[in-house]
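In structure tokens below, several structures.
In the two complexes below, subunit A is the common chain; its partner is subunit B in one and subunit C in the other.
Moving on, here comes the complex of A and B:
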């Protein structure tokens, strides 16, 4: 499976369109070199985020090197943290939420991941974009 | 035989508690949405309604469990179905109550369990009392339980007291000073639940 040796990237937006568009920009940059999944929208398809889809996205982008999640607003972060806690024991500690702007952070994180960087380095690179 | 009768009564009470909380929230979904439209993204009512409709859809399953297990499964349903930050926040509240309550709790047990649940919600939301959130109702309700005062009056007064607060967490915090003058939707939904639970318990006495 291509890209499985690199850290995976998950994009979680309140908007399915933003999630898909962000993932498109990531793909344009790194192709299939990183496992990538995205989700957006509430369980009824409106604006929002939900734990079930985030868990499915983590599964889809899973890498033994870990998964970095990029989120937009508060609910996306809270739901992502909940989804991480509900993961099996062996995945704990290998999934992180990056404190970074979703589009720029996802592209930067994926670019770093495509070079074989560790989860810590991927997260740090994405977070260099955040105002300190 | 005695034990079986007791179990049947417990199940009826568990069912009534879950159903009353769910119906109270669903009946006030419009009001919660209106509150959230003023200072948030306007989805609190519809999200909570979706979550509690999912709870009602599995009411038989939830109610067949001992109270602590029922609270955990209700919490998990809210986590999965509410969407928005309210799902994990209320889900964490119910799941922690389930983890910490004994099967037949007294008032002291409820107070201790609520204290643990409040801490869990603070951690989940990276929030604290005084930031115009559900915690501003839950914390005073805990104090009322400890001091032997009416938890419903405490909840309603506390929800009203969020009106002059400035929001420091969630979407409402983006409004800064403009969040002042509106009741926090999460404070209101928490007060609704406290009201529903207390009415059911009161009918038992």
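Moving on, here comes the complex of A and C:
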């Protein structure tokens, strides 16, 4: 999918079920034209997020147009930011964390991305949901 | 862009989808609208207020209920095609005429 002309979406939750369910909603409501990956939970089946999984999800959803990450709470955001910092230089500036509710934001961001919107527009659309 | 960007078209259609214009129908309408170059707006009244049919957030926030008359207007070189396509989508019940409304 790395050749896709659309911004990719990454879903990062503390819960593997929430991450997978959010991705399911994106696939069913928006479709397959947006690169999409998700991660959540720790290897033992508990709650958590980790940098390695987020980096793998970024790789899976990578698009030259960029990647927008939707997160749930605290560690999901800080680990996502760390995963971004560890990306190769050529990807810097093309990965953003959206300040938006994870489920609604993922669907809105993917809908915007499916039309070929820029990373900035995808992020803005997801964040339009949030109370300002 | 061509010099024909001032072409305008409009139309209206009854929204019969059992749960109105909410999540899945909104996504479909917005995605379809984005495939056209024209500016496209929708409203539940002929005199507005009009909202951008390409904005998923605005379309979903409008929560247009079943039984509404949905007005569509477009401006741009593919305005007529855009209006026809959006009205066709609504007439086709968003391609999910047999879908369970509870899943909407």
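Here is the rule we go by: the second predicted complex is superposed on the first by the 128 of 132 C-alpha atoms of A that agree within 3 Å, B and C clash if a C-alpha of one lies under 4 Å from a C-alpha of the other, contacts with A are read in each partner's own complex, and residues count from 1 in each chain.
Keep this in mind: a residue touches a chain if its C-beta (ideal position, glycine included) is under 8 Å from a C-beta of that chain, and two chains touch if they have at least 3 such contacts.
Fair warning: this is a prediction, and the values are worked out from it, not measured in the lab.
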- Between subunit B and subunit C, positioned on subunit A by superposition, is the outcome a clash or a fit? fit
- Task: Mind working out whether A:87 is in touch with subunit B, subunit C, both or neither, as first, second, both or neither?
- Result: neither
- Is A:111 in contact with subunit B, with subunit C, with both, or with neither (first, second, both, neither)? second
- Task: Once the structures are superposed on A, label A:30 by its partner contacts, choosing first (subunit B), second (subunit C), both or neither.
- Result: second
- On subunit A, which partner's contacts cover more residues, subunit B's or subunit C's? B
- Query: Does the superposition put A:51 against subunit B (first), subunit C (second), both, or neither?
  - Reply: first
- Determine how wide the angle is at the CA centre of subunit A between the CA centres of subunit C and subunit B, giving a multiple of 10 degrees. 150
- Item | Three-chain overlay, closest Cα atoms of subunit B and subunit C, distance in Å | 28
- Note on the structure: In subunit A, both subunit B and subunit C touch residues none
- Item | Of all residues in subunit B, those that touch subunit A in their complex | 41, 43, 46-47, 50, 79-85, 87-89, 91-92, 124-125, 169-171
- Query: Contact residues on subunit A for subunit C in the complex?
  - Reply: 29-31, 107-108, 111-112, 114-116, 125, 128-129
- Hey, which residues of subunit A end up touching subunit B in the complex? 42-44, 46-52, 73-75, 78-79, 81-82, 86
- Residue numbers on subunit C that touch subunit A, as the complex places them: 23-24, 27, 30-31, 34-35, 54-57, 60
